[in-house]
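Some structures are shown below for you to check.
Next come two complexes, and both contain subunit A; in the first it sits with subunit B, in the second with subunit C.
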Partner chain A sequence: MESLSNKKKVLEVKPLNFWERAYLPAIAKGLSITMGHFFKKPVTIQYPEQKREFSENFRGQHSLKRDENGAERCTACGLCALSCPAEAITMTAAERQKDEEHLYREEKYAAVYEINMLRCIFCGLCEEACPKEAIYLDGDVVASDYLRKDFIYGKDKLVEAPLNQ
Partner chain B sequence: MKVTIDSISIEVEPGTTILNAARMIGGDIVPPAMCYYSKLEGSGGKCRTCLVKVSKGSEKDPRPMPKLVASCRTTVMDGMEVQNISSPEVIEARKGVVEMLLINHPLDCPVCDQAGECHLQDLGYEHGAAKTRYEFDRRTFERIDIGDKIQLHMTRCILCYRCVFVADQITDHRIHGILNRGDHSEISTYITAAVDNDFSGNVIDVCPVGALTDKTFRFKNRVWFTKPVEAHRDCDHEKCNGKVTLWYKGEDVIRVTARKDEYGEVEEFICNTCRFDKKKTADWVIEGPRKVSNKSVISSNHYDTLKPLPVVKTNPLLQQANKEQFERETRL
Partner chain C sequence: MEIADILIKFGLIIVIFLISLVVAMYSTYAERKVAAFFQDRVGPNRAGPWGILQPLADGGKMFLKEEIIPTNATPFLFIVGPSLAILTACIGSAVIPWGQNIVIAGKTIPLQVTDINVGILYIFGVVSLGVYGVMIGGWASNNKYSLLGAIRAASQNISYEISMGLSIIALLLVTHTLSLGEIAQQQHGWHWNVIYQPVGFILFLICAFAETNRTPFDLPECETELVGGYHTEYSSMKLGFYLFAEYINMFISSAVMVTLYWGSYNYPGMDYMNGLLGPTWGPLLGFAVMFFKVLLFIFFFMWVRWTIPRFRYDQLMDLGWKVLIPLAIANIVITACVITFL
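On to the complex of A and B.
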């Protein structure tokens, strides 16, 4: 059958000549490339000690934000959990008491807020759904661990550190 | 009498309102209603969301009505022609009405327990504008406990008067009503007296917004994380037949409400014992899962195929493994 593109090339395998059979020039060429790389900037980095800068829209570990007075913004409305395609988020709401105004912004707050980092696909829909600007995926890469239960991050790991510390 | 709504004709009894005639036809042409409640006599005419255009008054007098009319209060005439969604004027007016209703309504849907089954939320989503033009402070009130089971958030109230009609017609004596007039009107018991009788809990169901909410359900969970199940029980109360919807979260009944029809109106009013005191599965005879419209947020993330696969059902080894997996997960 004639080829459709007419681009077919028939390869000719010529027998190697003396220098090619000796392989020495090829080895010298290969070594010179290797040597050349000693003097170039390495492309890899020493990861845990050194870190690369993330792109601006990188999505890492979630953080629950505080407002300008240091009160938690999350009001446990459940929209993040609703929008989560992986169903990684669960929460339990509680009512704010009289003396807790400085802790929580709204009259309802999340008493328990858990994200299963094994389920999370870091799509950022929770961030988009949040009406209170309370959750952002602005953290680092989620750390590895040994036990499944340790990947369920509670408020202790998610909530931002208070302002005055 | 023949009435034509959005060019669909229907024969109705004399004295039927346009809204009820539209409901007989059903579908998209039914005007929304925030204050009209078919089970409550005298309700309607307050909120103006059900405005329609009458393009032909009747067979005898075919002139159109000069202004848009509230369909819940206007009775049909023979040969009347009504435009609802086919009239841009009506849609525009309804948008204005929604804006008006939202003037004083706080946007605390993330906190409000009614979110997800709130008629004002739906209406605002369908007709409203995303931004308000109102620049002044919204009126605010302290929240009031009406008895130990009902909570009144007056800030969210849109003054539909439904709860007042419930108190008038369903319960045997009425304690609460509307104080003051116009912009100052508020639902109140005057002095925070408990609204306490066997059917007072129904004010929660008739409230189209989150002004009257169940205190036993307060902040327990969002509606869309719960699972509605139809159930009934043998109620001792002579006026209550015990047909309800149970709202499950996992194994627990976290809320009991009356069954609501497609217009959000309860089918039968239930007594407070059924509503507040019977929150165990053992108290109820389960009829089956409630049909939820697939447009509703309540139906989201509820899957039909949560049954174990057939292979698990027959294989005891897999059953055991499933059980262990489940126990481990719940422990974690």
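On to the complex of A and C.
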């Protein structure tokens, strides 16, 4: 049949000549190729000591941000939980007391804020939904662990470290 | 024989035994390192500096693993298999000449456990016993994959022993002796047998790969077809013994190849060096040269392993019976003609 793409190439299968059938030259060639690799620099990245650089828009572990005075920005509006396609986020809201103004920016805050890291798909929709710029996926890779319950990260792991410490 | 002689022999046996065990142990480490280097990787580097404690960690793991003997296996033969494999691997080194006679404190000590006049036949006997370990182990496992692996190992070893023996005959025509000690002495300086028997050496090398079940002839352990081959059912140190036996075999067959073809402990300019270093350090240098050659061969075994893919079983048999044996016979005929008529 006529080739339409004009890319058709008829391959000719030649019988092997003596040296090709003897294998040994081919083996010698293969050995020289592997020897070339023997002296190449390994491409391995020694993981815990060395780390590959992440891209700028890498999404890692979440962190709950503080404002310039060190108060938590999150107001427990629940938009992140609502936007989360994996339903990984839950929270319990609480009202700010009189003497807690330096701790929480708005009058309402999240008393409990939990993300299930096994459910999270790191899509970043929570970050986009947040009206207070309180959550960002700017952390490192989420560490492995032994138990499922240990993957539910609370505020102790999520909230940014206080400013002046 | 005096008591002192017996003690010296005993010491020599212990030293050679330890050397072969340590070399086998570090061959496992070297194999992984070499594999890594050939694949642009780093290899084991966590246990100790550069990972040199890796073999100890592996050995410790092997010893501490639970020992499992399958319900349907024959317990006695199941244990005999790996024991036989490691035993036959270890006794091969007895006839290999590791160096010239060495003089220590006025006493001349041969660096060879025993120079029996049929040394090569002894090696062949031991090598063909080696297949029993694999065969018994595979059969006693009562598992079809183990049995298939064992059958493959047995038929492969028997096929390649023939061409190995035939390639040696041509060498014997040149050397006129079966004693490995004498063969080593004949290759004084640079008169290495590989110069007179290049084809014989290549045949022997190919057969050595097949006899030690190394890639490209590692069909008895072909994972893709046979799970683990003859040691599928084995665990803990019994598995360790099988793997260890393979590395000791590699060491011994490297030593045999060096002795038979690559000049044993001889090197060009050895007379000058012996005169310079005296009767104690000269032979030791010879031993170091021999050891270096052996290590090069072990490296070559690994180099080939990470280069050439495995043969198909029919190709393996074709190569053994239709190529190597006719070539070996032709080699014998040509060698005999050359020796007789020239």
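Odds and ends about this structure:
Rule of thumb we're sticking to: the second predicted complex is superposed on the first by the 145 of 165 C-alpha atoms of A that agree within 3 Å, B and C clash if a C-alpha of one lies under 4 Å from a C-alpha of the other, contacts with A are read in each partner's own complex, and residues count from 1 in each chain.
Please note the rule applied: a contact is a pair of C-beta atoms (placed from the backbone, for glycine too) under 8 Å apart; a residue touches a chain by one contact, two chains touch by 3 or more.
None of these values were measured; they are calculated from a predicted model.
Of the two partner chains placed by superposition, A:L158 touches none, neither subunit B nor subunit C.
Of the two partner chains placed by superposition, only subunit B is touched by A:K149; subunit C is not. In the superposition on chain A, A:V43 makes contact with subunit C only, while subunit B stays out of contact range. Of the two partners subunit B and subunit C, more subunit A residues are in touch with B. With both structures placed on the common chain, the touch criterion links A:K132 to subunit B but leaves subunit C unconnected.
Contact with subunit B, but none with subunit C, is seen for A:C77 once the two complexes are overlaid on the shared chain. Using the contact criterion defined above for the overlaid structures, shared-chain residue A:A110 touches neither subunit B nor subunit C, since it reaches no partner.
Per the touch definition, subunit A reaches subunit C in the complex via residues 24, 27, 30-31, 33-35, 37-38, 40-44, 46. Those residues of subunit C lying in contact with subunit A across their complex are 34, 36-42, 45, 202, 303-304, 306-308.
Taken in their complex, subunit B has these residues touching subunit A: 108-111, 115, 218-222, 224-225, 297, 300-301, 332. Interface residues of subunit A, counted against subunit B in their complex, comprise 75-79, 81-82, 87, 93-95, 106-108, 131-132, 148-149, 152.
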